[in-house]
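Same chain, two partners: chain A is paired with chain B first, then with chain C.
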Partner chain A sequence: MLDKLIMYLEYPFVRYALIVGVLIALCSSLLGVTLVLKRFSFIGDGLSHVAFGAMAIAAVTGISNNMLLVMPVTVVSAVLLLRTGQNTKIKGDAAIAMISVGALAFGYLIMNIFSKSANLSGDVCSTLFGSTSILTLTSREVLLCTVLSLAVVAVFVLFYNKIFAVTFDESFAKATGIKAERYNLLIAIVIAVIIVLAMNLVGSLLISALVIFPALSAMRIFKSFKSVTVFSAALSVACAVLGIVISILMGTPVGSTIVAADALGFIICYIIGGIVK
Partner chain B sequence: MAIITCQNVTIGYDGHAVAEKLSFTVSDGDYLCIVGENGSGKSTLIKTLLRLQKPLDGKIEFGGGLGQNEIGYLPQQTEVQKDFPATVWEIVLSGCQSMCGIRPFYSRSEKDTAKKNIERMGISDLVKRCYRELSGGQQQRVLLARALCAANKLLLLDEPVSGLDPKAAADMYSLIKELNAEGITVIMISHDIAEAVKYATHILHLGKNQFFGTKEEYVNNGTGKYFITENGGEDYA
Partner chain C sequence: MKKILILCAIICAVFTLAACGGESGNRTAINNQTSVTDVLNAATREEASESVVPSGAGAKVKTDVPIGTIDLDLTKMSSTVVYSEVYNMVTQPGKYKGKVIKMGGACATYTSPDTGITYYACIIKDATACCAQGIEFVLTDDCKMPDDYPQEGDEIEVVGIFDTYMEDGVEYSTLRNGSIVSLNLGDNRNK
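The block that comes next holds the complex of A and B.
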């Protein structure tokens, strides 16, 4: 088993997958705590479907670097969705559900009508479940992913205290003169970046799992915001590594194996949380 | 010295007025209690005073150099906070956030401020405890300590005793009274008219018969008498 793993690790694509997997797992778990607490658990799902729709358009129009289209579209949608929390006619969860399924439907429709590819259902399946794309990363994509991930981590660390203040009590933060809208905007942009990155890893259907599971697991056991954040990041990275290694050794799909590992982590944390209390 | 002066202020949201032509002043050291039925605009008034929303009409003046970072606010508990994983320390310290500006981390003096206010609220033994595991009264003390970190001059309290048992509510009221005696101006929304009249120096009654004046005037005024009797505070009146 170990020999096999070492043999695989000699391939650059396996190393790339591990690097990218760890980075994305780290980033997605950082903001997960905030999103779960702000009752925005499903934003990951909604945004990833938007990204899927954008990707379909990029594929059909033949834009070579689809990041150029997918990233801005997703960022704009994230900003619009997180704004709905306050005082719009359509409430947050309904807006997310609407955009999410709408984008999914249009994405598939566009791919179906205009696609020149011979293997349409294969294309759709790999975008939805990220089945192989993480194993076909080029060194440029790995570099881009690394830079963006480090930027996300840096932003999170620098704004950690402000994110906490805005998450715990937005009206208090605003009342004392903190520009809460600005930080909400920042959170929206960062989450959009993370989701576009994470589409490579688990595909657009399973992204929510990367965002939610580690946060919920950590919240079962830990009692301070800092320890919840740190533990969820650590757990998320561990589950991602475990998932990737298992999928390489057993030949299972990468995305779903990682999510299965996350779900297992949650069950373990749930039990530990019950015993500790 | 008047620190807040409202003249013919109309408040509301989406262009829809909930209370019209409010005129009142709050002076340094006052204890103003805002009373009135549900939907009379009490919370909207507080939000307007906090500059979270604009008055639809009229003028609010802040005198005595009262800047936004000198107003402390104790909001009603939100749904989000009920299962929030954070320690008492983290929450109280977040009250200092407005002093940080763009600086990412808290300074020593801000940590000292937080520590001082935790001691002031008598919750030093809870510092490492998780907020969601505290009793209602303890949670309110934590939020009050946080509000004090943000401001030392004026406190706005939105129903500080709602959901507390009578003992915890009485503790909360005397704590607020102590703070007021230390020179902090208090503006409080209350449902509990009997208690409000007991501690306040001034009353603002919102609703059909608007009233603003000192407590003594209110008790002798028709609106006040009726409202106090209606709400079971007759032993005071």
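The block that comes next holds the complex of A and C.
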């Protein structure tokens, strides 16, 4: 088994998958804690469906670098969703659900009607479940992903205190002079970037798992924001590596194997949390 | 008690998820030499008893390809890695030109309506079985088309030299001087 793994590691695309997998898992878990605490656990799902819709438009319009369309559309949707969650007629969860299914339906419809691809079901499946897209990355895509991931980590570290304040009590943060709207906007942009990156790893249907599972697992054992964030990041990275390695060795789908590893991690943390209490 | 039951249900769900897509066991059985021989023998018996013989039923199977000559054996890799490797071969063919490749998958055929030429390809699927990649193959000159070629849907293992060619301004990948080293008749031929 180890010999086989060493043999597979000689392939550049396997090494790229591990690098990108670790970076995406790290980024998603960092923001996951904030999203879970702000009751926005499902925003990842909604935004990923928006990204799917944008990707469908990019595919049928022949835009070679679909990131040019997918990223701005997802960022705008993230900003709108986080803003409309507060003072509008359509409340946060309903807005997310509406945009989520709407974008998914329109995306699939557009791909069905206008797609020139000979393998439509394959394209859709690959986007929804990640399929093997993480194992077919080019060195340029890996570089882009690395730069964006490092930017996300840098933003989180630099604005850690402000994000912490806005996450726990927005009203109090405002009262102390923190411009909460700005930081909410920053969180929305960062979330959108993570979602677009994570689509390569697990596909748009399974992204929420990367955001939710590590944060919830960490919350079973730890209580402080800092310790939950650190443990969540470590667990997420470990599950991503485990999932990718298992899928490579056993030939299982990458995305669902990573999510299964995350779910297993949650069960273990749930049991440990019960014993510790 | 309720919590324990919920926990058991979650564990079952996780194991069910993890079990999906694990086809390695089936693959081993398909690629097993005895199993192939059995299938070929059965096919020969069927041919003898039937008056109508489907074309390609006697596809030439060569087992004398020296293992040492194979540069890249895709049949020994997991389905996830095979799909990614074939994807790379199609998208970056320059890196693989001249290498002796062994690959296994389903045989697919396409006859051009303009030229009447029939193309044969070995198709592999990814772990989710929704995406497929294929590489065309051309057998050695002593093999005649279509009698010595496999039929659509047959499970094959083919060895050939990876090469590319241009046709109508498009670059295609192919395995030249190919040999079928293993054949398992498709469902349509076993009926």
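Convention: the second predicted complex is superposed on the first by the 277 of 277 C-alpha atoms of A that agree within 3 Å, B and C clash if a C-alpha of one lies under 4 Å from a C-alpha of the other, contacts with A are read in each partner's own complex, and residues count from 1 in each chain.
Here, a contact is a pair of C-beta atoms (placed from the backbone, for glycine too) under 8 Å apart; a residue touches a chain by one contact, two chains touch by 3 or more.
As the structure is a prediction and not an experimental result, all values here were calculated from the model.
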Could you tell me if A:C125 is touching chain B, chain C, both of them or neither one (first, second, both, neither)?
second
Report for A:T146: first if it touches chain B alone, second if chain C alone, otherwise both or neither.
neither
First (chain B), second (chain C), both or neither: which does A:K38 touch?
first
Would you sort A:L158 into first (chain B), second (chain C), both or neither based on which partner it touches?
first
Please indicate which partner A:N112 is in contact with in the superposed arrangement: first for chain B, second for chain C, both, or neither.
neither
Which partner does A:V14 reach: the first (chain B), the second (chain C), both, or neither?
second
Please give the residue numbers of chain C that touch chain A in the complex, ascending.
7, 10-11, 13-14, 17-18, 20-24, 77-81, 83-85, 87-88, 91, 126-128, 130-132
Contact set on chain A toward chain C in their complex:
8, 11, 13-14, 119, 121-122, 125-126, 129, 131-132, 135-136, 246-254, 256-257, 259-260, 263-264, 267, 270-271
List of chain A residues in touch with chain B within their complex
33, 37-39, 87, 157-162, 164-165, 167-169, 171-178, 218-219, 222-226, 228
State the interface residues of chain B toward chain A in the complex, per the touch definition above.
13, 47, 50-52, 68-69, 71-73, 75, 78-81, 83-87, 90-91, 94-95, 97-98, 100, 104-106, 129-130, 133, 146-147, 150-151, 156
